[in-house]
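These notes open a run of structures that come right after.
The two complexes that follow have subunit A in common; it is paired with subunit B in the first and with subunit C in the second.
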Partner chain A sequence: MDWNLLVTQLMNGLQLGLLLFLLASGLTLIFGIMDFINLSHGSFYMIGAYFCGTVVAKSGSFITGVIVGLIGVFAVGALVEWLIARKLYRKDHLDHVLVTFGLILIFDTLVHLLWGASGMAIPLPDVLNGQLSFAGLVLPTYRLLIIVAGLLVAAVLFILVTKTRLGMLVRAGASNRTMVEALGVNIDRLFLVVFALGAAMAGLAGMLIAPITEASIGMGNDIIIVAFVVVIVGGIGSVKGAFYAALIIGLIDTLSRSYLDQLLTLTMPDNYAETAAPALSAMLIYILMAAVLAFRPQGLFPIAGMK
Partner chain B sequence: MFRLPANLSGRSYALLLAILALAPFILEWANQPFYLDLLSRALILGIAAISLNLILGFGGMISLGHAAYIGIGAYCVGIPSYYDYYSGWLHLALALSVSAIFALVTGAISLRTKGVYFIMITMAFSQMVFFTFLSMEEYGADDGLVIYSRSEFPEWLSMDSGVSLYYWVFAMLLLSLMFTHRLVHARFGRVIVGSRFNEQRMQALGFNTYRYRLTCYVISAMMCSVAGMLFGNFAGFISPDIMGWTRSGELIFMVIIGGVATFFGPLVGTIVFVLLEEFLSAITVYWHLIFGVMLVALVLFGKGGIHGWLSSWDRKDADYG
Partner chain C sequence: MLFRIIRTVLIAGAITVTGIAQADSVKIGFVTTLTTPAGVIGEDMKNSVMLALDHIGNKMGNLDVELIMEDDGFKPDIGKQKTDKLVKQDDVDFVAGYIWSHVLLASMNSVTGADKFLISANAGPSQIAGKRCHPNFFSTSWQNDQTPMALGEYLNQEGVKSIYIMAPNYAAGKDMAAGVESVFKGEIKGKDLTKWGADAQLDFSAELAKARASGAEALYVFYPGKAGGAFIKQYQQAGLQGKLPLYTAFTVDSIALPKLQAGKLEGVLGSKMAQQWSPDMDNAANKRFVSDYLKQHGRYPSFYGAQSYDAIMLIKSAVEATGGNLKDKDALRKALMAADYDSVRGRYTYGNNHMPIQNFYLREVVEDAEGRWTTKIVKTVYENHQDLHASKCKM
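Moving on to the complex of A and B:
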């Protein structure tokens, strides 16, 4: 067994998991508190990458790009909540789907208008572009940074949700929205902040991945579905659930892509295994989701008191 | 106030069907063969939209994964053709049975859930199909699959020419319209519509609403797979792109602009959608922006879709809105 490969794959899985967490934590809160389906959450992921890329190209500093990008996406998120989403919370889910699908079209086209159809590469500073050697293993610095940044955000978010007044309101809102309103909390402002923070986290995920994959139109539209799977598996409204589910799904998805064919060759002829493995690994996370729904529909880590 | 659509024969819709029936002659006379292609595509998507409307409009099951069944139907033409099996009956039987089995399994799981969950689960299952086809190198993966020859039927049913394919599509469209109409007005349909409005009451009346819904879901999927089978023949080239989840979003869009839970709404919506797409994309590459703004405006300000406007001067086919 190639240990270097295994470690690399584990790191890739962890990295995917943390990016998924950044996307899914906002999504799960918006679901849990506002009962709002935001298909266009992936657009924030894309916008984050483009904002960051533009600033990096102008200023030459990756850190500046991330900071300005975060502020930008937060503002866009707040604007979308204030102008559009706010009017829809009390309408039915079909309306949510339609409007946010429309928003995807709008955002994709606006990006096309502003930045052109081809993708945008984001250069990394040399410090981050290298590799670290550790105990005979070679690890790319930037991937380590993504993992560290992801864990850091998760920790901050965890403290925010469990230790602060805002977090208390968020938790209360997720388990019983009507009660929070009845207690006289300014629910409009709470929704605005949650929505914009969720957008900023999705944007951060986009900024972190863009130096590897480059920013492109529609980049959020595929990963957002996996983020939905994370939300369901973790339990709607549960940040802790989103964290564990994101890591599980990130690891399953990455590891199955590289090891499933070897596993299958134990049970079937090589040529069948080679055809079946990619198809099966593509399905695996959805099978997991189906299993969760069949046996534990409230998700793996549901929040207490959720209706 | 809810009531079932009164009859099939609203004046404007009878006219629409007559025009569609004569379209190949009109277009040939006008020497515009391109528009026959456009119309064929619109009607194929129309069948898919009608099938989606059966569960979404009448049944209240918001599926965001219906395009998967277009994909399944299309690959049921593409894959057998790849192995030189061109029999049209085989393609049709495969499309119907594969989609039925897939809908039965995924529907049985999805329908245990409601609301937000159902939307996301149908979407996730369709992505599963999407990525499965995307990973199958043998059948072209993301490069797609060329279908060199159309499904083979007996001489009088052949779909080889553009016009004969159009009439295939038109016949299937009529069939699905009539079938939906019969189904919705039958006891089955009453249960489906009833459990959309008050499921508990239907259960109290002794109906196993889960089974009714599942049956409805499977029927809808099979109808949609016919659209897929026609699409494979029409396009001659298929790729997983035809079943990406944004395609399912477009299908919902078509149903909505036409008017939900009406018989002709989805068809009208699809024709409008395809024509708009064609003309707007000829004017500007940024036409998606116009679509997006339309969608947002439709929900925030509009009511009842095109069907709502039409029925304001054609009361005969007034549905609920």
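Moving on to the complex of A and C:
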């Protein structure tokens, strides 16, 4: 057993999990509080990457890119809520799916028109392009930064949800929307802020992944399905659930990619194992979701009072 | 009964109309990927096809060329639908293009079944080179295994003892891995086939960590399109540059290099790959192709483009050899088989399975005189190389 490799893979899983958390936390809040299925949440992820990339290309500073990008995505999120989502909360889920699927197409085409089909590479400052090594472990600095940033955002979000008035309203809204409305809270403004905040977090995830994979059209559509899996496994509306579920799924995905082929060679010939392993590891998280839905349909960490 | 009469009349009418249209033009259908992030490859092919038509004045002999481009959306089912449309509705004479092996495999029978000609400008799956070979199929690229075989041979020549392999989990990915494995004499320390398709895996952290831990001397990868750029970035960020030398097939190309340069990813400079063509090849046809492409698009064409350019030129040579008689399929086939045209890779011949028998070179990523990153031929690895599947083709 190679312990260094195992630790490295655990860190890789943690990094993937935290990225998923950034996406899923907004999704679960919007889903839980507003009862709104937003398929186009992944578009914010893409837009974040493109905004950040454009600013980095102009200014040369990655930090500036992230800050301007966050403000930009927050604004786009607020605009989408105000113009479109707001009118849909009281409608059927099918309407949500249809409209937000349409939004995906619109955003993808807009990006295609503005930035072209070829995608955008985001250069990193030299400090972040290196590696850190300790005790025989070598990890890319940038991946560590993603882990730190992800944990930081998770902590801030945790404080925001548990310790502030906004968070109290959010939790109350997730448990019982009608009651919050009846108490005279400006629910429109609350929804606007939550939606835009969720969009900004998805945008941040996009900005963080883009220097690794580059910004491309439809990048959000690939990952949004996994983010929905996180939401369902964690429990709809539960930020804590999203956090743990994202880490579980990040680790399952990374570790199965790392070790499943070796495991399978114990039971079948090598050439079967090497074909079966990637297929099976791609399936594992859905198997987990199916199991959760079968045995604990409210999710692993449901919020109290959720119907 | 009445319906049947009307239908017969309509069909007869349609046949006459297309019959007339066929007399003064060559209809070429071109299937590639124009949407999805892989659309950048299709764009390069399209640019090159347009340039080829420009160079020949849109004429083959005294026939006008009518080109119909179709987008396969990176999906085998869409590719087959579009191919069916080209064959049945547009009644084209040639269908060319196809980036992806799985799209080509799904679409091939639609073309050959209608007794039309199919010219693959990229994909070369082992099945079509072997058991499923067809008299009406020709390739202006290669059989998938050949390029990695050339790379494996080079690794042997360099005395590399062990490698780690990474490739996407689909028809060509398996061919690309198998190609190196069939030739390489050292040890394969490990192999990862990663998820591919519209939601392909682009984060290779787990696989790169495995490759590093495997203790292999070198890393061989096949990641076409945008995955290639992503891979190179992560390879550099993981600090493997200099520790685990990188050898690639169809990963570092003229589409990826300008973006890698913009991202200052110097890790790719000096990386080596095998290929049947390179922008710096010294022949008249290639010089004209590369310099005009550079003028129009501000960057070098990729091998996808070179093969697409060749596909048009191959069709032209056959149309002209038969005096523009597109009905004489046997004569066309014979003319295609002769490969009597100035390919941008230099002259080559066709094997019994209609795959090129050609040279393979080792290319290295370098900076050109104007500071642009491009590839340069270092040496010839294989001369007149034929793929291994030819013997399985009964033709």
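Just so it is clear, the second predicted complex is superposed on the first by the 304 of 307 C-alpha atoms of A that agree within 3 Å, B and C clash if a C-alpha of one lies under 4 Å from a C-alpha of the other, contacts with A are read in each partner's own complex, and residues count from 1 in each chain.
Just so we're on the same page, contacts are C-beta pairs under 8 Å (C-beta built on N, C-alpha and C of every residue); 3 or more make two chains touch, one makes a residue touch a chain.
In this text the structure is predicted, and so the values were computed from the model without any measurement.
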| item | value |
| --- | --- |
| Fit or clash between subunit C and subunit B when superposed on subunit A | clash |
| Contacts of A:Ser61 with subunit B and subunit C, given as first, second, both or neither | neither |
| Partner chain(s) touched by A:Val138 [first = subunit B, second = subunit C, both, neither] | second |
| Partner chain(s) touched by A:Asn186 [first = subunit B, second = subunit C, both, neither] | neither |
| Touched partner set for A:Met289, first subunit B, second subunit C, both or neither | first |
| First, second, both or neither for A:Pro123, with subunit B first and subunit C second | second |
| Touching partner for A:Ile104 - first (subunit B), second (subunit C), both, neither | first |
| First (subunit B), second (subunit C), both or neither touched by A:Thr164 | neither |
| First, second, both or neither for A:Thr254, with subunit B first and subunit C second | second |
| Partner chain(s) touched by A:Ile232 [first = subunit B, second = subunit C, both, neither] | first |
| Against subunit C, colliding segment of subunit B, chosen among 9-17, 99-107 or 135-143 | 135-143 |
| Contact residues common to both interfaces of subunit A (with subunit B and with subunit C) | 221-222, 225, 275, 278-279, 282 |
| Complex contacts: residues of subunit A adjacent to subunit B | 31, 35, 37, 39, 84, 87-88, 91, 93-95, 97-99, 101-106, 108-110, 112-113, 221-222, 225, 228-229, 231-232, 236, 275, 278-279, 281-283, 286-287, 289-290, 293-294, 297 |
| In the complex, subunit C residues that touch subunit A | 35-37, 39-40, 43, 169, 174, 191-195, 198-200, 202-203, 205-207, 209-210, 212-213, 226, 229-230, 233-234, 236-239, 255, 259-260, 262-265 |
| Of all residues in subunit A, those that touch subunit C in their complex | 2, 4-5, 8-9, 12-13, 15-16, 117-119, 121-124, 129-131, 138, 140-143, 209, 211-214, 216-219, 221-222, 225, 254-255, 257-258, 261, 274-275, 277-279, 282 |
| Touch list for subunit B against partner subunit A, complex | 56, 62, 64, 106, 109-110, 112-113, 115-117, 119-121, 123-125, 127-128, 131-132, 134-138, 244-246, 249, 252-253, 256, 285-286, 288-289, 291-296, 298-300 |
